[in-house]
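Have a look at the structure that comes next, please.
Naming follows writing order (A, B, C, D, E and F), and every chain is counted from residue 1.
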Amino acid sequence: MSSFGTVLLTGAAGKIGLRLREFLRPLIRLRSTDILALDPPRDGEETVRCDLSDPLAARSVVAGVDAIVHMAGIPREAPIEQIASANLIATYNVFAAAHAAGVKRVVFGSTNHVVGFYPVEQSVDASALPRPDTLYGASKVFGEAVARLFWDKHGIESVCIRIGSALDKPTNVRQLSTWVSYRDLGELVWRSLVAPRVGATIAYGVSAGSRCWWNNSAAGHLGFIPKDNADRFAAEMTEALASEEARGPAVVFQGGPWAADGYDAA
Amino acid sequence: MSSFGTVLLTGAAGKIGLRLREFLRPLIRLRSTDILALDPPRDGEETVRCDLSDPLAARSVVAGVDAIVHMAGIPREAPIEQIASANLIATYNVFAAAHAAGVKRVVFGSTNHVVGFYPVEQSVDASALPRPDTLYGASKVFGEAVARLFWDKHGIESVCIRIGSALDKPTNVRQLSTWVSYRDLGELVWRSLVAPRVGATIAYGVSAGSRCWWNNSAAGHLGFIPKDNADRFAAEMTEALASEEARGPAVVFQGGPWAADGYDAA
Amino acid sequence: MSSFGTVLLTGAAGKIGLRLREFLRPLIRLRSTDILALDPPRDGEETVRCDLSDPLAARSVVAGVDAIVHMAGIPREAPIEQIASANLIATYNVFAAAHAAGVKRVVFGSTNHVVGFYPVEQSVDASALPRPDTLYGASKVFGEAVARLFWDKHGIESVCIRIGSALDKPTNVRQLSTWVSYRDLGELVWRSLVAPRVGATIAYGVSAGSRCWWNNSAAGHLGFIPKDNADRFAAEMTEALASEEARGPAVVFQGGPWAADGYDAA
Amino acid sequence: MSSFGTVLLTGAAGKIGLRLREFLRPLIRLRSTDILALDPPRDGEETVRCDLSDPLAARSVVAGVDAIVHMAGIPREAPIEQIASANLIATYNVFAAAHAAGVKRVVFGSTNHVVGFYPVEQSVDASALPRPDTLYGASKVFGEAVARLFWDKHGIESVCIRIGSALDKPTNVRQLSTWVSYRDLGELVWRSLVAPRVGATIAYGVSAGSRCWWNNSAAGHLGFIPKDNADRFAAEMTEALASEEARGPAVVFQGGPWAADGYDAA
Amino acid sequence: MSSFGTVLLTGAAGKIGLRLREFLRPLIRLRSTDILALDPPRDGEETVRCDLSDPLAARSVVAGVDAIVHMAGIPREAPIEQIASANLIATYNVFAAAHAAGVKRVVFGSTNHVVGFYPVEQSVDASALPRPDTLYGASKVFGEAVARLFWDKHGIESVCIRIGSALDKPTNVRQLSTWVSYRDLGELVWRSLVAPRVGATIAYGVSAGSRCWWNNSAAGHLGFIPKDNADRFAAEMTEALASEEARGPAVVFQGGPWAADGYDAA
Amino acid sequence: MSSFGTVLLTGAAGKIGLRLREFLRPLIRLRSTDILALDPPRDGEETVRCDLSDPLAARSVVAGVDAIVHMAGIPREAPIEQIASANLIATYNVFAAAHAAGVKRVVFGSTNHVVGFYPVEQSVDASALPRPDTLYGASKVFGEAVARLFWDKHGIESVCIRIGSALDKPTNVRQLSTWVSYRDLGELVWRSLVAPRVGATIAYGVSAGSRCWWNNSAAGHLGFIPKDNADRFAAEMTEALASEEARGPAVVFQGGPWAADGYDAA
């Protein structure tokens, strides 16, 4: 248990949030929050239920923390009203509350889907212009823009982590390129919290692997080195020669099936 | 009066919209819309009052047009709830409605404030990463991301015009760099409508002038050449040697006073 | 009539060659050659009929000149055997003959079709990787590579002119972007001959115009300034709103109809 | 033995082709072809003798395969007539035949000599403009341009492998930078065949090593990781302080002795 | 006569300094200094003789001014001891004195010879790494580094003007690319003094002209537009075809004869 | 002991010089020099005391060597007169003496403080413009410019090593990013001496480590691979959440405390 402060974790009841709770709890005092009910707090943790789309609630839950790991939000395509509330407004509220409370650093759960329309044969780094593959991806472009705004205007540091496919292991060919293990993601979040200086950093949340599309050189100062490697799962995937069948957006673009036309919000 | 189609102009009761109505009316059949009351339609024009944050209203007003000039939205800093409704949701609705209706091109009124945190001594072009100076600016980053998404995913072409200072004439030193005359802006909108191919173009909406910070080379295919030049108003501005007083964000950043800390939404 | 040397002009009976003969004859002693019959020589000119795909013939016609303007070659799509002979082998022979004869500079008639598969909304300069739209275009990529080879290996300077649409005037919308007048092309060839130092330069042969796609900044040292401007013919072209019909390769790519699938060699 | 298709290997009697036959035979059904006599086919292989400079022969040998590994061609400097037939015309014929037969992917044996005139102290990647060191190198520039053309125009994917020094082991100082082992080259060819999507990829065919000049980041999506490393042969090479004697093109340029003036075709 | 402050002009007895005195005197109160004797002061001017290599003298002459135009220094190749005193130490002293006195902006007379070893066929802008052609040029690289240091560390703004060939008119072919008229140079100095914000700007001091090698886009915020154009003197220069004689460094490099080996300090 | 030549090591009595003597003595005949008294020579070494700010002394000590490792100079901030003598003049003298004596390669001890004002979250390579954090750093910018000059003008190859924190081990958080072990530095110097071709190379002298800010890809041809890694000392450093206290230049800039205002020369 660290003695040096409290970190707010939002989205703590989500798939990734649950794993981050486990990872971060031994390292730091944690305030875990979600719009959904949360498991009971464990040692060194407090839990708060909160709707971040309400600015007052956001201010209240942020009060007294030293840093924020903002993972809350809808993690898939959804209608604009839902995205607006959970991703657009809530994210702005978190940064505004951080500013009001004097919090100096935010780690933001962005997504690889902000660059989902780059073709898989193109290496992409942090300087690539956004090419989101969904409204969901566009909402994270907005979140990254807000992060940059609060750095430029108010000096709040941030690391926007463009999370790949957070899973126990890759389950298809695309994920050989995009997989991030939970412990690698946890380590990257941790390094984003303790690196001496991050400014407004954009990092890809991805484990190692020879097929990875993303170049993390702009995040080298974080000192993050993945421990896991997607390649050891490659043998499980059936390889096939290039074929007529494999021409759709799901193969062509980094966003995979999300880049397909039919993937729109219902 | 052109015979070849109808263009929807949103935000037609706004400061810029009013001028665009005048400019475009002789060139094309116009459907002008706004959330506010509109002046009566003139020759070759119809007017519709409409709240674009309602997706059904958006679909209705878009039906039957051949192209859209989307200028609606709050044109200044405002609280997140207002920005979300008028700029984020409404813009998404316009593109979604265009997709539903088979409209093939949208001209989007973006703003120079998407790059407002670049220092004035840096030349900026369309490949610069967004550095918005306000929540307003961040909302236009979202709009540009949505434009890109609908191009990549649905083949809807767009020109995002990062409008400078649209005024009758520049009124301070900063505007010698940012001024766009109404006729130049009208001409740029027109060229964005009729250029044979635009993909997802980002253009700066600015008249000529030796002090301009923005490089429009990525929009050369539009064939836009400004007719007005801010330099002829330079003599009216008082020049002064660099002085201690002139150090604030309003002088340092391209966004001018909008980049200052105190410029936040009330 | 200049007194300082002789220039070999190949392809002198072709459409462009004929115009260059007229342009250059008052400026320099000319040796004009073609595989076809040539008009009788005029003052300060000699004419030679020659098949440049024969290396000995190439050596013979090159002997004694001070510089070469190599415009010979098939100027359109054609079967590989014809392209190989007239464009690939002949161009190599010309450079090899220049090397053997100690000629120090070659102006090579390349084509905009070496970058014909760039989309029209992208500004292209001399650093863009080749994206030819035809076998013809690929043959000019080879010619440019040979030019670079003879510079790097043997110190023979060259200017590869990527000629746009050389015509009396633009006749369609695409040519508003690609047109080069004969006098501008002549001037560019002339400047390529007399500029003090050119190394291995790539230049676009295009007149002025607001719709031009090509950035000639890498050829600034030639001191070429177009006298003609395609814009004055814009009013003759019918403008139309973006429409479903206008989606084919001919509108999408800089190569125009040449980039269409059906444009293959018969 | 794979069950999913047939790959045509051209140049199968050449130095590299022989090794690729061995490498690929266990992995895929192989049709091996060469202009020279071939060893008898082995399990899962058929052999065809064929002159690819004849378009009909090319069409015939391509019929029925799923992918092509095109290694045929003269692998050294040669007179233009030979290069034209074996490298220029034959390569075009292979791509044209692939298009006619509906083959969707071609792996093309290009060479490091397409960038042989870059100095050894410059790191080169796939975006470097061609600077061939020989006519041979220029012929591969043409081949890469043809590969790009058939991708842009006809959707045929390709991987152009710029092969370094394919040898059992490095035998001089330059090869510490350029060596590729046969198993690494085989693996790279294999990955080029089975990667889900390659577009028009340019890859360097080189094993690992601290002295390597080439940056393969644009081919990361292939998932190729060299198993061999040139460094373990470094101790065998005599190192010497910089000396007057070591100034020639063979030391200065990446192409080594091929970049020297005297290396021209006889 | 302006009423708003005093500008220190160093090197005021030099060739350029004399012209700047004339240009600036009507615009601003001037303190002119040189190590040599100066002409008597004119209206609105005071003159001080001063050796800037003495830090106390530098502090004394800087006291009380609002901005500095630092043109002092040896303007040609010279032995290291002289360069060290007049260019290296003196320039450091001027910036240190500015810091001590609270002066907020310095215009520094740099030279095109900081990039003199770029070949003439390469367009060079402010982002090019230094390639000086002389010790003199290297001393100006140091001066520019000092300017950047005092901006980054102490907030002193600066414009480093890489002066071309300041002459009444161009007198040879090279100067068609490098000429700057005195009135254009004066205007550029003036704009450097009064532009609202300059940070640490690098600008090329050159008049207009089609043969210019330098791209001033990084200095666009100064609002400098040359009034003079070197092209109108082009007809006076004898043009010649490329010839064996014209191969030396004086033609090959932007620094002209200064880049030749024999141009070393005696 | 090598038999192939003599290397001059300057600054041989300094902290780094002493370690390089040890490292290089077994590899090469060494002439060690310093302005201070030196330890007695060991096998295969001669020692000379010499003030390199005296050009004749520099010529004398350089005579007869085959290469130079120039490490002499004041290694910290100091008044301009001292920096001018020991760093500016002495470095020029060393290169001028190398030219006079026909020495063909110089390894120059530069410093990471030439880029000390880049923020720690930015990856920096050899193409970054200088942003020195001290007069000391600016003096090394001059040294690198001189190295480039002697390469461009006189063909003297050089490797400028931007040395990080040369220590037995890292002792604070910043040094986790900047540490270079003595054996890694020795190896880099050695590789700089024996690499077949270096032109004018800029290399970062830094050991491996996940927190390293510097990208050495432009020095790949040296074949340098660090053996030591700063990460194994990371556990010794206390990590802390981002806090108000950690905002100063020492954390913000790569130069660390040297970038702070108060770090000026006394």
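Just so we're on the same page, contacts are C-beta pairs under 8 Å (C-beta built on N, C-alpha and C of every residue); 3 or more make two chains touch, one makes a residue touch a chain.
As the structure is a computational prediction, the values presented were derived from the model and not from experiment.
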Quiz item: Copies chain A, chain F: same or different interface, half of numbers shared as the threshold?
Solution: different
Exercise. Round to the nearest whole Å and give the separation of the Cα centres of chain B and chain F.
Key: 52
Self-check item: Cα-centroid distance, chain A relative to chain E, in whole angstrom
Solution: 50
Exercise. Give, as an integer number of Å, the spacing between the C-alpha centres of chain F and chain D.
Key: 40
Quiz item: On chain C, where are the residues touching two or more other chains?
Solution: none
Exercise. Can you identify all of the chain pairs that touch?
Key: A-B, A-D, A-F, B-C, B-E, C-D, C-E, D-F, E-F
Quiz item: What part of chain F is in contact with chain E in the complex they form?
Solution: 55, 80-81, 84, 88-89, 92-93, 96, 114, 117, 127, 129-135, 137-139, 141-142, 145-146, 148-149, 152-154, 259, 261
Self-check item: Complex interface listing, chain E residues touching chain B
Solution: 4-5, 7, 28, 66-67, 102, 104-105, 157, 193-194, 196-201, 217-218, 220-225
Quiz item: Which chain E residues qualify as touching chain C in the complex?
Solution: 119-123, 173-174, 176-177, 209-213, 215, 231, 234, 239-244, 246, 251-252
